[in-house]
Amino acid sequence: MPDPLLALNALNAHYGDFQALYDVDMSIERGEVVSIIGANGAGKTTLMRSISGLTWNDPAQVVFGGRPIGDLRADLIAGLGIALVPEGRQLFPSLSVEENLVLGGKTRRPGPWSLDKVYDLFPILGERRSQASTSLSGGQQQMVAIGRALMANPELILFDEISLGLAPVVIGTIYDVLPGIIGEGMTALLVEQDISRALAVSSRVYCLQEGRVSLEGRTDKVSREDITEAYFGAAAA
Amino acid sequence: MSAPAVTRATRASRIATVVAALGLVVLMLAPWWAGRADMRLMGEIYLYLSLACLWNLMAGYAGLVSVGQQAYVGFGGYMLFALTVFGGLHPIAAIVAAGGLAAVVSVPVATLIFRLKGAYFAIGTWVVAEVFRLSFAQVSALGGGSGSSLPVGIVRSLSSSRSGREALSYWLALGAAVLVIGTVYLFLRSRRGLALTAIRDSEAAASGLGIDIWRTKLEVYVVTSALTAVIGGLIFLQKLRISPDAAFSVNDWTAFVIFIVVIGGIGTLEGPIIGTLVFFAIRETLADFGTSYLMILGAVAIVVMLKAPKGIWGLIRDRFDLELFPLSYRVHQNGGEGGTLR
Amino acid sequence: MIEWVNALVQGILLGGLYALFAAGLSLIFGVMRLVNIAHGDLIVLAAYIGLSTTMILGVHPFVALLIVMPVMAAIGYALQRGLLNQALGDDILPPLLVTFGLSVIIQNALLEGYSADPQKLNGGVIETASISLGGLAVGILPLLTFAIAVAVIAVLQWVFYSTGLGRGFRAVSDNQEIAQLMGLNKAHVFGLAMALALGVTAIAGILLGVRTSFDPAIGGGRLIFGFEAVIIGGLGNLWGTLAGGVILGVAQTLGAKIDPGWQLLAGHVAFLVVLAVRPNGLFPRVEH
């Protein structure tokens, strides 16, 4: 069996002074779509920061394509092919829509995604390419954030709470395009509080509770009850 | 099981109090045991120590990082000259009055430069110091750009004998240092000190607690400005000669003071004391090397800032959990040593 | 009357030099929120490197720029990567104190190397040449200085808003973490920004040295002029910085016209008045 694309080995990560993750093991195969669910403070954001290199750990705790990257700088990890769609979009306010997208392609990795393809995917962005990114609606900003990550032609794309703060109809639009993106052979890791959305697009799920993996399984095998228990703890089940 | 007791004093701080009291008595008797040059050096040490404590109160506790305190050193010096020569005041009265005048002047200055934040505030204070320097250079009665000396008659009014003047000048410097350290210590122990700590930890949270941040910072600025002017008066009472460039020197009255505080440990009361001793040790050892001692000093300050930002005292405190000035609250459970709340 | 017009024109042209002092300061603050206290001393350092270059190679100070600019840029990059990047963070104290220490070191190193004697760069005929503009004799050197300032700011503006390098500067300025996720090496981007800023500083230093005499102690004053130009013009606005430099220059020459002792004082007072009336400067940057 070939190496997984991403492996977390007993990851212990800190958020500020607090330990946010305890001995987290995960493994993501190429082409998989995996969702990570958990309550606020379960360690989801720290997980994303650890994988993308914004939080440093021991090298072997994060392994990407067989290479230990736990202590690698974020910009080098980006060059290896991991892109993040961050929570809250976090576009560059002093850059136009197109400049945000062009900067996403800074790593110049070869692949299917280009400015034109992003505009094909989200035509509204093409119309507003020269506007300031802050002048767009929340949903349009999320499209820029997704497009910006795609421009890097990543092997692994991380989505952090992409539905947070958006209207339901906008969330629907965004989730409608996700399968098309992932269909391009990309591997995706999806952090989401909207459990049903997450389960619908992913094949496997990890549940985090207070920094530990409380459940792991195929989305068609785990029950709602299992998830509720893993999400809130045994007391709530 | 007894209820936890909250105290501020520790064994180390009680010992420190006794040692400090004994030390103070010994230092007060210096005119009887120290030589003329030593007394002069010690007087200079006390005045630098005072400047360092005051700058530390502003930058280390109130977050007001000024590089323009020479404004008030020079102001105090010039007021000593102006009030004695033209106002006919006794030098000591003139120095006290200089402090009061500096407090008055510092209020409008603060309302203006508090509009600048962070590093821009720092350079803004420097601009103010330049305005002071250029303004006093315009006053021809005080010697204009080349400065003037304190008339002999005024110097004699302190004491008719040279040794009497030197002893008085020494005691004034020592007294000023005790006054400054005491004021800063009491200020920090008061409710205002608690407000400052809250502001330092989080301005947003402090303002949520109903603390008027602007006003608290203003109070610190006014108090430090007044005391800095007093120290400035004493500095030029020792020198007996003043000129705009000497009175408002950024190197002498701010750069060295900042280095002292950083090396000793910013944001602690002990830091400036240790920093002053280290500064004078470096200065006296390397004085023969001319300007290169300043380069060494600058380099030491940079290294300390980057490698040990809490300074020498920070290193000592982290290692031994020592505190000579009891500012923190300590919680004791069942007589145990307990934790420290800072 | 003509003397006042003359003072006004001289002030405007002097403002070009102050804008050059300020441009590097403004750029650095814009990209990494660093206020470099040693900026004035670096201007003076550039003038001294220019002095050595002209003496060793026997070239005109402007030709010496071909050497001084890359040297200063290299110093800037090395300084940023080797020292200043370590000082950057949420706390404003470390960068302030580190650059303050740097300022003292540069000053005293220059003192050791070149002594406290005033020096001057010899610009030759250009120093005294002038042209007649509507009855006013306007010096070629001040005119050239102003033209260079306009050109430098235009170039910086272009770099900042129309090149990939500038895109990187703005992205890092907006959000350092996310910029790194795009593959930008923050430390390198900051190094390039400081290199560019000190390249501009090289131009400022040479023009300063040709215009007036200089000694190791004048750095602090140049920092303050640059700082005042930045604040008067409004933070983060390069053309505003030029306007700020002009206002400062005009205030100084008009002040000097009234009384020679008031030259610097008038400039500082103008700055304090702007601070009192318009705390955000005259032309604060508008977020688009």
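First chain written, first letter: the chains are A, B and C, and each begins at residue 1.
By definition in this document, a contact is a pair of C-beta atoms (placed from the backbone, for glycine too) under 8 Å apart; a residue touches a chain by one contact, two chains touch by 3 or more.
Just so it is clear, the model here is predicted, and its values are computed rather than measured.
Chemist: Please find which chain has its CA centre nearest to the centre of all protein CA atoms in view.
Modeler: The most central chain, going by mean C-alpha position, is C.
Chemist: Taking CA centroids for every chain, report which one is farthest away from chain C.
Modeler: Following the centroid criterion, the farthest chain would be A.
Chemist: How many angstrom lie between the CA centroids of chain A and chain C, rounded to a whole number?
Modeler: Using C-alpha averages as centres, the distance is 44 Å.
Chemist: How big is the gap, in whole Å, between where the Cα atoms of chain A centre and where those of chain B centre?
Modeler: Centre-to-centre distance between chain A and chain B: 53 Å.
Chemist: Which integer distance in Å separates the CA centroid of chain B from that of chain C?
Modeler: From the centre of chain B to the centre of chain C is 33 Å.
Chemist: Would you please write down the residue numbers of chain C that are in contact with two or more other chains?
Modeler: Residues of chain C never touch two or more of the other chains.
Chemist: If we count contacts the way the header does, which residues on chain C are in touch with chain B in the complex?
Modeler: Per the stated touch rule, the residues are 34-35, 37, 83, 86-87, 91-98, 100-105, 107-109, 111-112, 220-221, 223-224, 227-228, 231, 261-262, 264-265, 268-269, 271-272, 275-276, 279.
Chemist: Which bits of chain C are touching chain A when the two form their complex?
Modeler: Interface residues on chain C, with respect to chain A: 167-168, 170-171, 173-175, 177-186, 287-288.
Chemist: Which residues of chain A touch chain C in the complex?
Modeler: 52-54, 73-75, 78-79, 83-84, 86, 90, 92-95, 99, 102-104, 106-107, 132, 134, 148, 152
Chemist: Could you list, by residue number, the parts of chain B that touch chain C in their complex?
Modeler: Residues of chain B touching chain C: 59, 65, 67, 112-113, 115-116, 118-120, 122-124, 126-128, 130-131, 134-135, 137-138, 145, 250-251, 255, 258-259, 262, 266, 290-292, 294-295, 297-299, 301-302, 305-306, 309.
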